[in-house]
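Naming follows writing order (A, B and C), and every chain is counted from residue 1.
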């Protein structure tokens, strides 16, 4: 069972790493830059979660299998980038699986460190989406997860199932499966139907420097 | 007294969160993106302070009232953005109050963890300005606090009063009040008179890639 | 001996801080922004390393000599920026020395916290390059170290010598000297001969929003 979860976790890591490496190749980074984006996209979320709850050294540096997986994903993408681009559909399915696993496992880890359920769910979501944010900040673009598609909410829904189950003292395994299933299902449906979150109607996109100075 | 400080602290958190959410709406992020910016603008400074001194789990995830406050601020801004934009003046006053409180409280927390007074003052300043830096990095713009107005220096001045008072073993409460008052006063005067810090005269703003490679 | 290493370390910190401050002046940040970039460029790498392995409070805030050094570098650059720009060659030599020292010392610190040798080498590299990444993210540009020259690999090579030496239980001092020498030598040769890492041939630099949504 544990081996099974580890394998799923590494597949999710691999899929996240592919997304980082692909962006690195598109932005014409050198091979080292591609590897850094691959590592950041896969592991920055979990590292942030571990740092915030005080679980140091963080798992991404204490278990060599995670960085090694991102290294392989980075090298594969560097040499076969057109192939990876053509495999978008399976890569996105694996990515949704990784999101589900990271959200559920991240929530469970936070709960085991005594974090209250609502914040544990938020940390689980962060473990799922933090990598994508780090990846995008590193190439100086606004993180996709803040502006596109239903991605973070799927992670939050899955994490919430685990947190609520813990709060109600339900058995962990069925909660984890239900949470992962809900996250994966929401994400796949969002991809299929193109679901988006609303944008505020009233915003004006110019964002001029306010005449009387910055907003704060 | 403690309740009073908590209420002030939450008002400051609310004002900071408004600044993040307002920027998110302007940049046309979806509602989740607006909430993330709201959270980051209000709490990233304190989270960074806590992580650097080893106070984990950080207060932003161990006390639910802070994230809940940012959530409310984000939702309010998302639905009533034009109203918030019109209320710039009171929002900026509350923001100055939040800056003063964060700087003073951040310094005191660092001192209580045994950090030397000069670095404790720097950490207090960081608690005050770190949120604004995270907010701006997330939308890929150069942080306003690095280039505009007298903002960080006001925080540093307030933090320094607390740190010096601690070093001279003066009673903490009057020092905290004096520090918060100095920070708030400086910030309000800077807004009113448009005070800026100097920019180096000699700089050339082109920033070409140096012919013989990057600066390092 | 210890004093000697400390002096070298502070010279490296000073050189890194100059690179941050120079960028700040070029981007027309105010003096506070210049000082923040100076601090971040010199110390963000070591701070990240310390946070990830749980060595808090991080050394950059527990030892005043490091922040004080970056402060001096920032002020010097702010007032004499054209002079610093003209001194590019010695600054870059000192920078290569700083890189070598940070990589070696970072690896040794991670090893002393019980991190496995391969990850310790990665953390040593991170201590060397993390400052440059933070510096570039703060001015919203893609980090140079991800796209130009042979910089990170030099740090990794030096760090690897230390990590392998530790794994083989060789005496630490010769390993540290060999690692620092290798890093410094590689970096200087890369500057002299203009060595670069390869970029993936197949990449397309347009980076259009993929028709079916973001890569993840």
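The criterion applied here is as follows: contacts are C-beta pairs under 8 Å (C-beta built on N, C-alpha and C of every residue); 3 or more make two chains touch, one makes a residue touch a chain.
Labels paired with UniProt names: A, B, C = Membrane protein.
Keep in mind the model is a prediction, meaning the values are calculated, not measured.
Peer 1: For the Cα fit of subunit A against subunit B, please give the angle of the superposing rotation, nearest 5 degrees.
Peer 2: Rotating subunit A by 120 degrees superposes it on subunit B.
Peer 1: How would the subunit A/subunit C interface be labelled, same or different, where same requires over half of its residue numbers to be shared?
Peer 2: different
Peer 1: Taking the mean of the CA coordinates per chain, how far is subunit A from subunit C in Å?
Peer 2: 27
Peer 1: Would you pick out the residues of subunit C that each touch at least 2 other chains?
Peer 2: Where subunit C meets two or more other chains at a single residue, that happens at 51, 54, 137, 140, 148.
Peer 1: Considering only the defined contacts, which subunit B positions touch subunit C in the complex?
Peer 2: Its residues touching subunit C are 51-54, 113-116, 118-119, 122-123, 133, 137, 140-143, 145-148, 152-153, 196-200, 202-207, 210, 212-216.
Peer 1: Which residues of subunit B touch subunit A in the complex?
Peer 2: Spelled out, the residues of subunit B in touch with subunit A are 15-16, 19, 22-34, 36-37, 41, 47, 51, 54, 56-58, 61-62, 64, 67, 77-79, 81-82, 88, 91-92, 95, 132, 137-140, 144, 148-149, 151, 191, 194.
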